[in-house]
Amino acid sequence: MILLESLNLVKSFGGVAAIDRLSLTVEKGMILGIIGPNGSGKTTFFNLVTGIFTPDSGKVLFHGKDVTGFRPHRIAKLGIGRTFQVPAPFSKMTVLENVMVSTFIHARTMKMAKEQAKKILGLVRLEEKADQQVLNVTLEDRKRLELARALGTQPSLLLLDEVMAGLTPAEVKASIELIRSLRTKDLTIIVVEHIMDVILSLCDRLAVLDYGSKIAEDIPDRVVNNPEVIKAYLGEHYRARN
Amino acid sequence: MTFQTEGARINHTPVIRRFTLPGLLLLFFLSLLLLPLFLSPLWIRIATEVLMWAGLAQSWNVIGGYTGYLSFGHGAFFGVGAYATGILMVHLGWPFGIGLFFSGVLSAFLALLIGYPTLRLRGAYFAIATWAFGELLRQVATILDITGGAYGLQLPAFLNLPFFYYIMLGVTGLTYLTIYLLLERARFGYRLLAIREHEEAAEMVGVDTVSIKIQAFALSAFFPGIIGGINAYWVTYIHPDSVLRADITDFMVVMAFLGGIGSLWGPFLGAVVVQLVQRVLWLVWGEGTFYLVIIGAAICSVVLFIPNGLIGVLEGQIFKPKEAIKELKKKVKW
Amino acid sequence: MELLFQTVIDGLLIGGLIIVVGIGFSLCFGVMHIVDFAVGEWVMLGAYLGYLLVAYFGYDPMVFLPLIFLIFCGLGWLIYPLIYRAVSGKRHNPVIMGLVFTFGLSIIAKGGALSIWGHHIKSITTWLSGKSIMLGIGTVPALRFSGFVFGILVTIIFMIFLYKTRAGIIIRATAQDRDTASLMGVDVRRTGAFVYSLYAGITGMSGVLIGSLFSIHAAMGAKYTTLAFFVVVLAGMGYVPGVIIAALVLGLLQSFVGVYVGGRYTLAALFIVMYGVLLITPKGILRRGI
């Protein structure tokens, strides 16, 4: 079953196309990886799906429904959650309160919101930091908080924008485990990442963007051996390494 | 117990403080209730004025402090309230209470009108639009017949000082109570703060930022409307240069900032300090215009040196040792 | 017909002067993201300084324009570090702090002027005062015309500076993307100081002309702050070339409302237009704002 579909999306800034006729389909329950050079339009794609930008043309379908041009809060209510590449916490609130703002979306009372938020913090292993001010937590914890806040809206589709950038190898490993554990048949995930090991160990399918267009999409093993992908993104040394 | 870093305000204090705080507040308001029995008329007047400004500064704080959108024309809502109450009482013969309520509603409605196009944009647009709105209203009041033009409006005289003290106390108390319940205790407040801290992220987790901001602005205009109405009945004679003068906004801003924006007690503290300082200055220099320089300098200095206001300074002093200990503990643990 | 012609000319002439007030203000926002609430107060202080210089030396105020420009550049240069401090560092919400800080500055300037000169209205007389020029079917006050010429000249020089010189390119680069510019070796802080002092200089200088055209008093700033705001909203926040069209539109609007409706309704008319623009096309009438 198709969960998310983008049809011929176009978005340009000052005459330069950041996304150029991009069509992608995401099946329910899969983990899709998106890779591509810097500026290839990965984050812009997320911004188009979540309604932060409105596409110049093209459509976004979610559960078969046209959601193009919806404001982000409506998209969130429909069940798309996302993390920001640079963590964007509510700095002067505690970790728990950060997540509560997102659990408000479905919780009927403050108490319920708090309980849900606590449960999610447990899921991402942040429960010990629940009452700390965000200003005082580490980058890794902030990245986890991003994830927790995205999960707080109980999404059926989760967009992860470089959640591992800047983490140590050990932290990356823990994060991979964490994302794997989130995977259920009700949660579909799209991962944007530069670390190839992460992509290869997580994703069922892999799409490659270059200049805002999709140049390849297949199972990861086949994509990384695609000559065009190697030329545009991975580089010759990658082929040599494998 | 968590240390509240600069200006943080949502209470996650331990249970004991949660119960003692409302208790102390109750005591505080009880003592305010009894105050007129012990004060001379002059001091009742001063106390009424302090209460008035405390309410106004807190109202400004809702949009300026909690939401992070600066309204530089907030004095206009005070003026709208004063004129609405005045017109309803003089021209339509409405009773004071109903006129008062209507003034608040009218203010909130005007805020809705101003907020609708501007709160979708960056904060600078909002600041500009509200400022221009304030300038506009002053001119409009001078032009219209119903407001009495530049001559103003004479309300039925009601010379009863304690009455005004108590009603001001009631309305200001209500302002603080509403803001406490809505902003410090309910999801509305969390959402406002989320908007101030990171608007895009707030939107991304399902907060309808535009609608919430407009609601906050309407709320922050409602109380000044009512307070303006009380003020009109109290001073009995209003004109554009009194209830719509530009420095009403200036005072709200300086009080909220000096006390500490985004905190429940900051604006109250700011109102008390500024009012008292102003009284002293009047005694020393007489009524002049130099107080404007002092207000401006105070605003600038607060921004430069104590961006979290006096409340921030106080909290810093009280909590600093604890924070240091906590920091130390953290280091040892890791 | 003659009235219509006169109204159009008047509007354009006023517009020419409004450009000067709007252009630095817009640049300030574009480069540093600072909305300077004290813009009208710079005009007011410029007017007073012009008045003082004329009263003391007795020469024509136009002679002092370069001097006043330099003095206000210096003032801007001195004040900028404070603004920089307000909007940078560990400040929680820099935009708010910047807004409030300049709001405070404007109150200081207004209060200071009121305390020194009181509510008295002053004016500057120049050799052009009272003279007029025949232009087509109508006459034009020479002073207004020179104000317009001044506005256009300043704008042209400013545009050449911004688009043709090295410093101008640096400024525009900074306006586009501060982070990238600083990576390219642009000292963003110094660029900011430069822009702010340039803006203060131009605005102060325009104050002299405004002061000789209209009257000078301590509370006059509010009017020009409003005008600068409206220009920038109409032009699109931070879009400098839009200022020219927006200022002329506003000048015309002001003059038409003044003649056909009544002078006291101008602010209301301007406000309604601004409200409409914000409602329909918040990026300005040219849709180029940020």
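In this document, chain identifiers A, B and C correspond to the written order of the chains, with residue numbering beginning at 1 in each.
Quick note on the criterion: a contact is a pair of C-beta atoms (placed from the backbone, for glycine too) under 8 Å apart; a residue touches a chain by one contact, two chains touch by 3 or more.
Note that the structure is predicted; figures quoted are calculated from it, not measured.
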Chain labels contacting chain A and also chain B: none
Nearest-to-centre chain - CA centroid comparison: B
Centre-of-Cα separation between chain B and chain A, whole angstrom: 41
Computed distance of Cα centres, chain C from chain A, in Å: 46
Chain centre separation in whole Å, for chain C relative to chain B (CA means): 32
Sites on chain B at which at least two other chains make contact: 6-7
Multi-chain contact residues (two or more partners), chain A: 91-92
For chain C, residues contacting two or more additional chains: 92
Chain A-touching residues of chain B, taken from the complex the two chains share: 2-10, 12, 186-187, 190-191, 193-194, 197-198, 200-210
Chain A - residues contacting chain B, complex: 50, 52, 71-73, 76-77, 81-82, 84, 88-94, 97-98, 100-102, 104-105, 110, 113, 131-133, 135-136, 149-150, 152-153
Interfacial residue positions of chain C with respect to chain B in the complex: 29, 33, 35, 37, 82, 85-86, 91-93, 95-97, 99-101, 103-112, 114-115, 118, 222, 225-226, 229-230, 232-233, 237, 264-265, 267-268, 271, 274-275, 278-279, 282
List of chain B residues in touch with chain C within their complex: 6-7, 68, 70, 72, 116-118, 120-125, 127-129, 131-133, 135-136, 139-140, 142-143, 196, 246-247, 250, 253, 257, 288-300, 303-304, 307
